[in-house]
Each structure stands twice: as C-alpha cells, then as structure tokens.
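Each chain gets a letter, A, B, C, D, E and F, in the order it is written, and its residues are counted from 1.
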Amino acid sequence: MAFDPVVLFFLLGAIAGLAKSDLKIPMAIYEALSIYLLLAIGLHGGVKLAESELVPLILPGLAVLTVGALIPLLAFPVLRWLGHMPRADSASIAAHYGSVSVVTFSVAVAFLAARGIDYEGHMVVFLVLLEMPALVIGILLARMGTKGPVQWGKTMHEVFFGKSILLLAGGLVIGFVAGPELMDPLEPMFFDLFKGVLALFLLEMGLVASSRIAEVRQYGLFLVVFAIVMPVVSAILGILLGWGLGMSLGGTLLLATLYASASYIAAPAAMRIAVPKANPALSIGASLGVTFPFNIFLGVPLYFWMTQWLYSLGG
Amino acid sequence: MQSEQMLLLTVVAEAILEDILIDEVRRQGAAGYTVSDTRGWGKHGKRRGNWRQGGNIKLEVVGSPDLCDRIAKQFKEQYEADYGLLMFTSPVTLKN
Amino acid sequence: MAFDPVVLFFLLGAIAGLAKSDLKIPMAIYEALSIYLLLAIGLHGGVKLAESELVPLILPGLAVLTVGALIPLLAFPVLRWLGHMPRADSASIAAHYGSVSVVTFSVAVAFLAARGIDYEGHMVVFLVLLEMPALVIGILLARMGTKGPVQWGKTMHEVFFGKSILLLAGGLVIGFVAGPELMDPLEPMFFDLFKGVLALFLLEMGLVASSRIAEVRQYGLFLVVFAIVMPVVSAILGILLGWGLGMSLGGTLLLATLYASASYIAAPAAMRIAVPKANPALSIGASLGVTFPFNIFLGVPLYFWMTQWLYSLGG
Amino acid sequence: MQSEQMLLLTVVAEAILEDILIDEVRRQGAAGYTVSDTRGWGKHGKRRGNWRQGGNIKLEVVGSPDLCDRIAKQFKEQYEADYGLLMFTSPVTLKN
Amino acid sequence: MQSEQMLLLTVVAEAILEDILIDEVRRQGAAGYTVSDTRGWGKHGKRRGNWRQGGNIKLEVVGSPDLCDRIAKQFKEQYEADYGLLMFTSPVTLKN
Amino acid sequence: MAFDPVVLFFLLGAIAGLAKSDLKIPMAIYEALSIYLLLAIGLHGGVKLAESELVPLILPGLAVLTVGALIPLLAFPVLRWLGHMPRADSASIAAHYGSVSVVTFSVAVAFLAARGIDYEGHMVVFLVLLEMPALVIGILLARMGTKGPVQWGKTMHEVFFGKSILLLAGGLVIGFVAGPELMDPLEPMFFDLFKGVLALFLLEMGLVASSRIAEVRQYGLFLVVFAIVMPVVSAILGILLGWGLGMSLGGTLLLATLYASASYIAAPAAMRIAVPKANPALSIGASLGVTFPFNIFLGVPLYFWMTQWLYSLGG
C-alpha cells in the first residue's frame, strides 16, 4: 500500500515523540496551523457550494444529521455497560466519537485528490453540521440521573462560537459569498498550501498522539478495541447512507470518514466545561492516540475499498 | 491599599478555566489580576502546553487576606474536585 | 456592492470578538503576519521603483509630505477646541491620523489589483515618508505650553528604528537593489501569498477592533464622528493633490487612502513613550475601532468613486 | 549574597517599558533580572496581550531591601502616574 | 499537605536544562511542578529568549522545606558551576 | 558582486540589531522557520535521491565522512596551543566547526539555483552524516585528561534525536519513499516557498548575529581570525575531495560549503549538555557572529570561484 506522504509526517512526529526528541511545535504554531486548516476547509467548501444548488440539500442533510446522531447513542451503552465505564466518561467519549475530526476529513480529501476523484461541495456543510449535535447528546447523556444545573449557556456558547465552528462556518460563508472568481487571489494561500500545512499539522499530531498512546494503554484493552471497532461501524453506516442517498463515490467516502472520525478539538473543550467529571485523558487518548492514526493509515483506505465494492455492485 | 498586610494569591489551573476564573476574580472585587501561560505536572497528570488548552495558566491577584480567602474558597468549592488546580498565598509589601 | 473577500475576514474576526468566541490569534502569529506585510509591501514597492526614474520624484514627494503634515495640524485644533479634549490626547490622536496604516494601504492595493488598475511604484516611498512627520508634529503639539524635557532621543529612535519603518524601508531597498529578476524566487512567498496573509491579518484586526469599539463608545459621539469625518476630509486632500500632480487614477486612490488612514502600529508605540499623558485607549479606539473598518468597507470604495468622478471631468 | 535577608521585587508593567525598566535595573546595580510575558487587568484597563505591546511584562529582581526600594522608588516616580504599573516585594531565601 | 509550613522553591535556569531538572524534581518526590518561559540577565550574560534554548525557564515547586532543600542542594551541586542558575524559596500558605 | 537578495535580509536583520530596533522575531516563529528549513532540505534531498542509485554512494560517503572528521582534529590543536584556550572551549569550538550549518548549505543551494547549476541529490545525505561525528569527536577531545563520567546517553540522545537530525533524516526518508510524483501537492509549501522562508530566517539570523559580534570581540582577535581562516581551509579540503571523487561542480561547491560551515543549532545544544565547562558565548559567537556572515557573503562566492578554477584546469 503506497501511503500518501502526508501520513508519513504523522509517523515522523510519532517517532520523535516516542524517542523523546527535543522536537517541539510551538503552541502558537499549532494554533495557527489549526486556524488555517479550519478556514481553508471552510473556504474550499464554500467555493464548491457556490456552484451547486442548495434546496435539494435539505432532505439529505437531515438524513445525514439523523444517522450522525445515532452514533453517540450507539456508543454510549457500549461504553457504559460493556465497558463498565462511569456515566460521565461514557457520555464524553460518545460525544467525541459522534462529533468529527477536521484533520481526518482533510486526509480523506487529500486521498481523493491524489486519485483525481471528485466529491460534492456540500460535504463541508455536513462537516459543520455534524460537529455539534453529538456534543449536545453527550451532555444530555451525562446529565441523565444526576442532579444540579448543567452550564448550558456556557457550553452552547463554547460549541457555537468555539473556533472550530466559527472558522469552518465563517470560511464556508466567505467562500460562498465570494465565489470562485473573487477567491482567486487567495488560492495560493488557502488552496495551494493546504496539503503542506496539513503535513506540518500531522507532524504535530504525531508528537501529541505518541504521548496519548501511553496514557490510553493504562485504561486497558477495552478502550483500544472500542477506538478501532467504533469507527469502522460508523463508517459502514456512512457508506450505506451515502449509497442510499445516491451520493458520488468520493462524497460517500467523505461521509464515511466523517462518521468514523472522532473529535479532538471542539469536543474536548466543550466536554471539559459541560461534563467536568469526565476524565479528558480517556476521551482524548482514545480519539487521538488510537482512532486518529487508525483512520488515517488504515481506516480511510478500508472505507474507500468498502465503498468501491458496494458501488461496483450497484453500478 | 498600603496600610494593611496584603497577600499575593497564586492560582495554577487548566487553561480552559481562564475566562471563568477571571470573571469570578472581578466579581469578588479584586482591583486587578495578572495571567501568564505555564505548563506543569500534578495529580491530574502532565500538562504539556503543546496547545492552548493543553497547558495551564497562572493567575495572580494581589489583595487583602479577606479577598484572597474568598476567591480561593470559591475556586476550591467549584473546581478542585474536577480540575487541575493549585492555590497558595504569600505575604507581599505593595510598593505603589 | 461586492466586497472583496479579504474584508469579509475582518467581519468574521469582529463577529468572533463580539460573540466572545475562544478564537485567538497567538501573539507570535500576529507579530509574524505584521512583519510579513511590512516586508512584502516594501519589497513590492522596491521592485516597482527599480523600474522607474527617481529624480522626477523629488518635487511631488515634497508636495505629498507638505500636505501630509497639514493633516495633524488640522486635526489638532478640532480635537482640542471642538472636542474639548486635553492637549496630550488631542496631540496624540492628531499624530495617529497624520500617520498612515499599512494594512489600509494594502486593502486599497488589493482593491486596485482586483480591478486590474495600475499605480505608480513610488507610492510605497510615500508610505514610508508619511509615517514619520506626523509623529514629530504630534509630539511638538503635545509639548507646547508644558515644561520638562521630551525624550526626543528615545522617541526618534522608536520611530526611525521601529519595526514599521525599518521593514518597509528595508524591503524597499532590497527590492530596489535586487530588481525584478533576482526577486523572482522570492515571489511565491512575498507576492503570491500577500493577499492570503492580508486576509489572516484582517481576521485578527477584526478580533481586536471589536474590543476597541466598546471602549471608544465610552468617550462619546464626538470621537466617533471625528473618526469618520477626518479620513474623508484627508482623502479629499489626497485626491486633489494626486490630481494636481498628474498622478494616475490608481496612484491617486492610494494617496487618498494614505492620507485617510490612521496609524495603529507605529504611532501608538511612539506616542506611548513621547506623550505618556495621552490615553492610548482613545487614539487606538478611534483609529482601530472606527476609522479602520470605515476605511476598508466604505472609505476606499468612496475615495475611488470620488477619484473616478474627478478624473472623468479632467479627462 | 546570603547573609542578609533578600527581597524579590516583582514589577508588572506595560510591555513597551521593558527596555527602559531593564536599563534602570542595571543602572541601580542589580546582579540580574528575570522577565516574562503576562496579560492582565487593572486601573488602566484590560491588557489582552494580543500583540507584544498590548500586553504586560513581569520583571523580577532579587536583591537587598535597599536595592529593591531604590528601584521601586524610581519606577514609582517616573511611571506610576502615566503607565499601568504594579510593584510589590516579598521576602525570599537565596539557595545558591 | 496543609499542616506544615510549605515553601515555594523558584528555580530560574537555562532552558536546555528543563527536562533534566524536571526529572530530578519528580525523583525527589515532589507532588507537582510548574514551568514557564522567561528571559533575563545575570552572571552568565544576557538570555534573550529569541529561541527556545537561548532563553530561561522558571521552575516552581511547592513542597515541604525539606523537599525544597533537597532539590536546591542537588541542583546547586550539579549545575551551579557551569550553568546560569538562580534559586530561592519563600513561605507560602496552601489554599487547596 | 551582485548579492542574492536573501543575504540582504541578513544585512537588514543585522542593521536592526545593531540599531537596537524593536524588531523581534517571536521565538515561536524562529522555531517554526527552522523546522520548515530542516524538513524542506530533507524532502528536497529525498526526492533527488529517489532518482539516483544508492550503492555507488557508499565509498564516496565514507571518504566524505573521513575528511570531515579531520576538521575538528585540525581545529582543536590550533585553538588549544596557538590560541591558548582551555581544553573544554577548544573541544567545543572544534565540534562546532566540524559539524555543519543547514542555513549556510541552503544559501549555497540558492546560489546554485540562481545560476541554474545542478548538483548531486545525495548531498543532503552528506549533510545529515556530517552533522554528528564532529560532535562525538569534540566530546572525546574534551574528556581526554579529565575524569568523571560523561553523560553519553543523554548526549547521544540529544544528537540523534535532536530536531536537526530527526527532521533532516525524516524529510529525506519521506521524500525518498514518496518520490517526485506523490510529493507534487507538497511542492507549493516545501519547494516554492523555500527561498522566501530562508529570507525570513536570515533576517532573524542577522538580528541574532549582531548581538554575538559584540560578544566575540571580547575574546580578542585570535578567535575572529580563526573563524575566518578555518572555514577557508575546510572549504579547500572539500574542493579537493569533491574534485577527487569526480563530483559535479555544484556538488563540490556544496561539499566545500558543508566543510566550511559551522553548526549553531545542533552543536550548541549537544555541547551545552556534554561539555558544560565550555563557554557557549565563545563557540556561538565565532560560528554565528563571524563564520556564518563570512560564509554567506564572501565564502560561498569564494569557494565557487576556487572550484570553478580547479575544474577549468581539470576540464
């Protein structure tokens, strides 16, 4: 299997982390790279969206949201009763897996680009939409059976005006309003450099993930298995739905990847405020230390292979 | 401010709490506060400071013993159980 | 009116700021973006200058400087006697409005580029020249009638070797010495990315400006009105002068924008040292919270429209 | 340095003053100083630290009570009226 | 932790020593530590902090007088001769 | 002599530093630029290497390493007995001059690119190989005649997993594995921007070097002369070896530059840990304050001229 070079940067970062190298991406750079990626993905989607019709998207959008909401509801009981995990942790992890990862999505986009496969521009709209509901469900799951007020105001604010949603949605609107022509002078920055920035970000992700793997190991095999099986199950849901909605091959892969991916930017921040009893090392460890590398190395190619197989039947 | 013995209250906490803690400090009537970025390790594990919310902040307030006590008590009640938190005071002499 | 997408980034930043989003551009990135913009503008001008003759620029340069020096002398009495503001504040604000804003200039450059309108390469020389004199005038105005020594040495050093002048002038010289050919391998960095970096910088400007608007509101309507009327008056001076000097349409727009723009990088630093009694919240609030957004959204198109109108008469 | 009681003088001030304050500290004969970047809020409003000069610095000097007094007095005279400034001392025991 | 008088040990040292010093602090049994980036000047010249290893770190440990003494003694023996190093303690009252 | 504009950025930085300008490159940006340069040089070399055969490189590689190891062994006695410097300092400085500078190498690469001269892809392999041995030799030289354990573990770790080697070697492997085609989407980031990033890095180097020059002056003329003569001697070794090995003109210039350059990223970090008695102001002052500017302004053109002269004889 020929890996896309970007995922090799993750490997390099992970090696540096495991070898306790003095390589460190400064915090300011990490923040800047993530701001760039969120904006660029948003702008990209906005420009694509400007070329498509919006009304026919409403029903598929609802379907994508509904199935997306199933994921945390599926994950929670597994974690709670199969994994014997505390309620708060089960809810928080479920929220992480119901939400999405922009970087995993970006790797899948790069995967398609390398193969010259097109996809629907509104996938980025789905990305924005899918980020939030799982967080709300996770908070509700955590609250059930406990008392005391949940900091809803603060939490909803954290979610809606958190930088993830704000930059994705903001980029989407700017790209949409401006359209392809006016965006032209911004292309060298936000399109041409995209994959290079992604590579640098993955380097840092490798550094971080390597420290998380050690942490997640403490919590036993169950969580590791969950962090691998859950995304595959979610991806299958995505493939079936994409196929059912008549989406393109590329679009279906992206939907599968969205479902399969677990959040580690928006979800941790929101859960830390709304579900303080949940141990963040567990959820970030699973999503960043296991699921993220699984997805970019094996998951995306696997989901692609499954999608192709299904589409070859249907075609 | 100068007549009474003043205290410096130092709070080390998870960076995500910055805005909440600051609001509380102002509500309690402090005349000011100072914040800086730190990293560290404690009961809640390692805080590497790789990215903003993976690090700690250090919040410092100079005030009367009573003010510092009130703030510390409030923080202890609300955040000690669930968040990384270290608080201590030390006597200082104001020079302005 | 179709806005250039770069100004939409300002809007996005302002929304994030007003909504108290957790979006923050790290200080190191802000510093890096501003270093980049100053250098790139300088290099750009230097390369253009390498293609033009220098001697015929001396007289127009003097005219541009002289009229530029009028602006703080015009602003000061208005602030002092119409606005009843303290001497120090009047002088400091006058200095801010007499000096120039590199980012406003950049937005006007992008405005011209989007319309394919050319301009004189030496405009960047004017940008460098106009940055300083207003600061000196402001300091003198603040000193009149007060006693005690002014920190001239420190202040002049702050101005001449402040990063603004240094990077602009440095870039200008490098671009001029190297010429278009040798600059070629630096183009992807300093030219192609220019508008993208500008967009990111405007995002941060929006974040900052949103916090300044609240502050300036405290100081009453007078300052807000001043921050809108003053730039229009200055722009008109610029348009008349550009027209009188026989400058091109594009060049005249840039001159008007220079006069209309108010400094918020070099001036605040110099004034804080040289006129400590001036309240920086007032001057930065007016220049960044009101004049800057006014200029990029309404001012530049308005000055362009006025210039076009004048040139259609003359032609 | 060890015989006498030493003080730690902490100065929080607008970042633009960094070079000026440092020069003064050296002129007064301090053996060293330490500077870090901070943000905060006080009588002069909010110092967000979005960019270098929109933030504060914290300047720390370990020295004799006399030295710390001299430095603080000088700063108070020159900068307190017009700049954001907080100064306080606390007793420390040198360990090297 | 609250019964006994606690000390805050502050160590300012060259940034390259960060990992080594931290390992030692943990080995000596501290319950935690806090690190921040600083710059400064002292006997070993100016530490500008232009890049990571051209600056200093400030390492802070709250602990018993005995622990702080042990750590300071160890650092003094191993690093004082060859590296930029400043160490001092001050009494603090824990609030959590 | 027409200077490449990138070295003018060094000059601008040096002027800013000497004039005590408030221009500062934030630490995070410095770190990011250096990470970029190391990675980009590695990737560049890897892609070039993917197009060449590896086996014939083993013998020349050994020759390059052997001659490279001579340099610190030559420098040490000069410093110790001619310069009357302490053992630790002599050893540490020898290690700095035996190791290599990635930025000096980059300036030479840009020098060749501007002249359209090609070079062997495996030069970057030599760059990686030459970084380490001199450090080990330096440590051994410092130990001779002293007692007490050397922190070998820590030091070797510092060297092998220091960010320099890790990013260079990592980039090399990624570029090699991916090959030119898969690297294509990463080109805008890692190739097109290379010279621009180099320019910004040199700006910072100028700022830093200007403060080092003052320091090195304290230590007298001997060190300054050493810092100029030593690189020329090393370059001559490199030119003769390159010529002897039948390398191309471009390759020989790069080899000469590698030998002539002195490390200021990897070496200082390793020496500070392994040879704590050495005064870092001496070695960094000489390598960064004198040798680095000498090499980029005069050295590289001089070595090129010498190489050309030799090759014109041979040809």
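Keep in mind that, in the parts below, contacts are C-beta pairs under 8 Å (C-beta built on N, C-alpha and C of every residue); 3 or more make two chains touch, one makes a residue touch a chain.
Here the structure is a predicted model, which is why all the values come from computation and not from measurement.
Shared numbers divided by all numbers used: is that above or below half for chain A and chain F, i.e. same or different?
Because under half of the interface numbers appear in both copies, chain F and chain A meet with different residues.
Of the pairs E-F and C-F, which shows more C-beta pairs in contact?
When the contacts at E-F and C-F are counted, C-F has more.
What is the distance, in whole Å, between the centres of chain D and chain E, each centre taken as the mean of its C-alpha atoms?
20
If you average the CA atoms of chain C and of chain D, how many Å lie between those two points?
Here the centre of chain D sits 34 Å away from the centre of chain C.
Whole-Å distance, chain A centre to chain C centre, using C-alpha means?
Distance between chain centres: 41 Å.
At least two other chains touched by the same residue of chain C: list those residues.
In chain C, the residues touching two or more other chains are 24-29, 31, 188, 193, 269.
For chain B, jot down the residues that touch at least 2 other chains.
Answer for chain B, listing residues that touch two or more other chains: 36-37, 52, 90-91.
Could you please specify the touching residues of chain F with respect to chain E in the complex?
24-25, 27, 30-31, 34, 154, 204, 207-208, 211, 215, 268-269, 272-273, 276-277, 281
Under the stated contact criterion, what part of chain D meets chain B in this complex?
Touching chain B: residues 9-10, 12, 36-43, 56, 58, 68-69, 72, 75-76, 80, 85-91 of chain D.
Under the touch definition given earlier, write down the residues of chain A that touch chain C in their complex.
For chain A paired with chain C, touching residues are 26-29, 31-32, 35-36, 39, 157-158, 161-163, 166-167, 170, 173-175, 177-178, 182-183, 185-186, 188-190, 193, 269.
Using the touch definition from the top, list the residues of chain B that touch chain D in their complex.
Interface residues on chain B, with respect to chain D: 6, 8, 22, 26, 31-36, 62, 90-96.
Applying the document's contact rule, which stretches of chain B touch chain A when the two form their complex?
Counting only chain B, the residues touching chain A are 14, 16, 20, 37, 45-46, 48-55, 79, 81-83.
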